[in-house]
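The following block contains the structure, expressed as structure tokens.
Letters A, B, C and D mark the chains in the order given here, with residues in each chain numbered from 1 onward.
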Amino acid sequence: MQLSRDDLLQAYRRMRLIREFEDAVHDEFSAGNIPGFVHLYAGEEASAVGFCMHLDERDAIASTHRGHGHCIAKGCDERAMMFEIFGKKDGLCGGKGGSMHIADLSKGMMGANGIVGGGPPLICGAALSAKTLKTGGVAIAFVGDGGSNQGTTFESYNLAKVWNLPAIFVIEDNGYAETTSSSWSVAGSQVDRGKGFGMPAVQVDGSDFFAVWEVAREAIERARGGGGPSLVHVKCMRYYGHFEGDAATYKAPDEVARYKATKDPLMLFRQRVTEAGLLDGQALDAIDREAKARIEQCVAEAKAAPLPTEKDLLTDVYTSPY
Amino acid sequence: MQLSRDDLLQAYRRMRLIREFEDAVHDEFSAGNIPGFVHLYAGEEASAVGFCMHLDERDAIASTHRGHGHCIAKGCDERAMMFEIFGKKDGLCGGKGGSMHIADLSKGMMGANGIVGGGPPLICGAALSAKTLKTGGVAIAFVGDGGSNQGTTFESYNLAKVWNLPAIFVIEDNGYAETTSSSWSVAGSQVDRGKGFGMPAVQVDGSDFFAVWEVAREAIERARGGGGPSLVHVKCMRYYGHFEGDAATYKAPDEVARYKATKDPLMLFRQRVTEAGLLDGQALDAIDREAKARIEQCVAEAKAAPLPTEKDLLTDVYTSPY
Amino acid sequence: MSKKTYRQAINEALRQEMERDERVIIMGEDIAGGLGSPGEQDAWGGPLGVTKGLMPKFGRDRVLDTPITESGFIGAAVGAAATGLRPVAELMFVDFFGVCFDQIFNQAAKFKYMFGGKAVTPVVIRTMYGAGFRAASQHSQCLYPVFTHIPGLKVALPSNPYEAKGLLIQSIRDDDPVIFFEHKAMYDLEGEVPDEPYAIPFGEANVTREGDDATIIAFGRMVNFANDVADKLSKQGISCTVVDPRTTSPLDTETILETAAETGRVVVVDEAHPRCNMATDVAALIAQDAFDKLKAPIKMVTAPHCPVPFSPALEDLYIPGPDKIEAAVRAVVGKAH
Amino acid sequence: MSKKTYRQAINEALRQEMERDERVIIMGEDIAGGLGSPGEQDAWGGPLGVTKGLMPKFGRDRVLDTPITESGFIGAAVGAAATGLRPVAELMFVDFFGVCFDQIFNQAAKFKYMFGGKAVTPVVIRTMYGAGFRAASQHSQCLYPVFTHIPGLKVALPSNPYEAKGLLIQSIRDDDPVIFFEHKAMYDLEGEVPDEPYAIPFGEANVTREGDDATIIAFGRMVNFANDVADKLSKQGISCTVVDPRTTSPLDTETILETAAETGRVVVVDEAHPRCNMATDVAALIAQDAFDKLKAPIKMVTAPHCPVPFSPALEDLYIPGPDKIEAAVRAVVGKAH
């Protein structure tokens, strides 16, 4: 174990912040306060945080339509994120992007993406920048099980390998692409596919932060050391519907409840660190309270914040003169 | 060996016809009589013929930009093909398609394709038709080593597998995509990639007609029997440049000459069948002469044939009223 | 005849055509739903429920859920169409065409021509378009101008439930590749729709209002805005003709030119991005072929040249709504009114 | 200043910008060639030799050959542009955009807007377009109208070697995604090209001929045909203004409207498919904003609504050549001449 006490607190704080953020967005959406297509990451926190704990400002990630968790894990400001999701002028993207395009390039977060499979090629580019500019950076594409079938994803595997890029492909397999089971849609296996492209590839249990953290460490170290790309297949569970409004009737009735009761990543983390005497329950409780308060504050402020106006409509289309 | 004497004669005839066709097109192009982008199949004959010998009118194939060989192997009329390549009105496609789009759907030949990776999705469709209409047909996509990296190809592997389609993907690896070596551009291996999608996948020596014919038989029988898709990796050699006009300086100077001397598929076929006493040299010589005469006649007629005219320009855009 | 929503009209067209012709199959991501999953099957019937009920009726052999591989399955639909089936594939949002357009514009659209007439490719691609859903830049575009640009494709833009059913049935019976655009903000729109199957021929515009002062040519959802504006203005003494071309390819140039000539004052309304779009297409047509009848500059009402913004505050400004159409009509009819 | 071909002008622009700025890299299929192969390296320098010599000079770290994975490497160029490099990617033929357009139009074009202004994506995509090469339907299209349609993209269409060098340098220095269209039939065209680097600003049209009787607005290769026609007609007493907009996005609407107003008789020439193309875009603009100055119907000269045929006999009829342009000019100037 190479995680310091601070690391552990940080990991738990990030995961809890994601959970609170998503729960709050769910409530606000249900109350009719948030418009559009919103996809929540609750349940998958250990994946985003397990990987992003190893990253710093040299590194880039590309996310999916289910991007809030990756944003928070990579250090985006949760307040500006909440503003964004409410479509407010001071949102992380000025209210122009919304949940599906939430991004902060200054933090190396290259965006949630409305296009399934949109991220992997971009990450090859970020990895190419790191390699060419010799920054020592790595780049990670988070991809869903559904996105793992998109041609762009496979092309990126091959490109990353033949260019020997510091890239990592993280397949977050929550069992479903919308309503469709990954047990049906994914022929072969993620690990065998990765190996078919000559990449190291492993599967890991996404409920276990420590297991994720460890495979992430290996893959990221390999990439940083010039050892090229890897694939990691993370098995996990999403707690809410595909998008807000989806009742997820295609799942087994007790599927999510059973997972929450036995495999919730935050719960398992707490168990593990308290049983091992690494952190005490009170420190974790404090984080829980802080995170809850912080998100409540973000929501309250986001609701009160001003909307963009007509003069914002046509800005930000081009950088150079048009 | 389940090939009858007639089968053997037929196989040799088809291969020889392809070789003569391509040599003639090469000469005519060099003489400035044929315009456009022309890609020749000479050297790879055993692949097209080894597979197409197992096919009949229920079956479909999709080809690549290097399509003449697949056309002839699937039974397209070589005279109309030659007319097409000369851009004549009575060409297989009325002169509108040319070498890169040569096709005859009535023969199950779904077209050469100017788009690398264009064929595999189409073949999933032909296989779906066969499955849905219960024709017993199978569908084969021929793909180059370069095309094997295109996202559309990988998507088709997955789709064929999850839909359990009677589809076969034949990777014709002639070592190069234009100037770029497949030893560089293809990460991992074709066979491992196929297996990564849960498909049976094998490699075969494309200079050996009999070896190709045998793996083709297996894959096609499996598909016809409802056993789903397969991948076959055929190692082969193209004798001419990437397209006509390319001097192929990126190859080793003696690469093609050595292959021709030791591994030419027609030469090896002849050796094998004569040594085994299955056919005598005279029968093969007769085929050689016939093929040569036939192609000479095609060229002569194509040259003399009329061009399309203004009234042909706007026909064939739509089928139903526009 | 009974009141049906746009969603129901589309569903009914699919059902009736699948009943009529066994070769009609449909495919797309989650168009049934629940495949391989332990819970409810036909769980969604498409992300907005348009194809709900078809899988239970026709079975999974004719209602095919797909992996997320648009090139793969749309190409498969094209290949199947060229080999005997009549597939209707769903490209969930037209914004996704960038991952699969090759199979549409280089393959399906060109087979007939490239193969010298010896191909028939009766494939339909149903797809959602348009703004108003707070779905942001990658799920709100129109993009039908891009498809209209391509020879070999046909493009239908139904403006209400009646048009939706009739045009979809024609799309399926048509022997050419047809792109059928469904505006996501119209699924709940109701209208009278005959229960029996009927086909609306392509390339025949529908004149929804007749007037003397100006001609409004509008596309898709915009037809409804144009009708509203015409109704409002007619009470104020400005009478407008409204033309719904129904299909952008083929385009009923005759009706457009005639109705433009009748009033001499033309407004073209297009929700798409403003450059190289249907507004320019129709305005240019008129400027070339009915120029002598024009009494005023042609006015185009379109979205501005920017991506579709997420924030409702901005998206509402983005959409070319009734106010902008009304202003344009007032501008072309001039001081007189 | 010395005579250079269009090919050389492009090569020189790339070389000079790569010398100037280490962040400029180039990538594409066989843009060097021979990678992994036993024979000659830099074997091709692109399929038509445009990038020849750059790899030996700048090495394989800055001149990257790619596998045939356009989504992959064009997306990588976009991602690299968003993270500090200034990549110039080659999409060999624009006809291939259908396998990778998402990375261009949904990613590169929209980053800036979707991310609230906090992205800069200085990527250039060089691509070949146009008919005349007997390359048939899938290697001969123009398609720049599709790119012009998309907000967030810029589109350059150099009409000769001088324009090619100056516009490419501007493309590379520009901070927005630029699609740079090279007409494959112009690579051997010669012209005077300064040896030193220079940038031609976007959105500034070039008036290549001045006249009183008609205004011809033409794009890309068509500018040369238009110049030839103008020269021929001037000897016959018909004097034409010829406008080369140079970029279709941004478009120099001011010069177009002014020159259209000056003669009142307009011909727009566009090699692209006729629907929703630049001819309609410009004709509509004029019909809206310079209507009162028009003395005759606007004429559009474009390719017909069909795929590009292979046979030279047909392709020559397909291309909107000088004859058609001349006929259109004669038609707009009318009997008088």
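By our rule, a contact is a pair of C-beta atoms (placed from the backbone, for glycine too) under 8 Å apart; a residue touches a chain by one contact, two chains touch by 3 or more.
Keep in mind it's a predicted model, so treat the numbers as computed, not measured.
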Discussion item. Using the contact definition given at the top, which chains are in touch with both chain A and chain D?
Written reply: B, C
Worksheet, complete the sentence: By Cα centroid distance, the chain farthest from chain B is A
Discussion item. Report the inter-centroid distance (CA atoms only) between chain A and chain B in whole Å.
Written reply: 45
Discussion item. Quick check: how many Å separate the C-alpha centres of chain B and chain C?
Written reply: 40
Worksheet, complete the sentence: Chain centres from averaged Cα atoms put chain A and chain C apart, in whole Å, by 35
Item to complete: At least two other chains touched by the same residue of chain B: list those residues.
Response: 91, 93, 95-97, 101, 113-115, 149-152, 155, 158, 162, 184-186, 317
Worksheet item: Residues of chain C that touch two or more other chains: which are they?
Response: 67, 69, 71-72, 95-96, 98-99, 102-103, 106, 110, 113-114, 136-138, 151-152, 305-307, 309-310
Worksheet item: Can the chain contact pattern be summarised as a line, a ring, a star, a complete graph, or none of these (other)?
Response: complete
Item to complete: Over in the complex, which chain D residues touch chain C? Could you list them?
Response: 71, 95-106, 109-110, 113-114, 136-138, 145-146, 148-152, 248-249, 251, 272-273, 275-281, 283-289, 291-292, 294, 296-300, 305-307, 309
Response to the item:
Listed in rising order, chain A residues that touch chain D in their complex are 60, 62, 91-97, 101, 103-106, 110-111, 113-115, 118, 120-126, 128-130, 132-133, 139, 151-152, 155-156, 158-159, 162-163, 315-322
Discussion item. Can you tell me which positions in chain B touch chain D when the two form their complex?
Written reply: 35-37, 87-89, 91, 93, 95-98, 100-101, 113-117, 146-147, 149-152, 176-186, 248-253, 255, 307-310, 312-314, 317
Response to the item:
Within their complex, chain D touches chain B through residues 29-30, 33-41, 43-44, 47, 65, 67-69, 71-72, 95-96, 98-99, 133-139, 304-307, 309-314, 317-318
Discussion item. Quick check on the complex: what are the chain C residues that touch chain B?
Written reply: 23, 25, 61-62, 64, 66-67, 69, 71-85, 87, 102-103, 106-107, 110-120, 122, 151-152, 154, 174-176, 201-203, 250
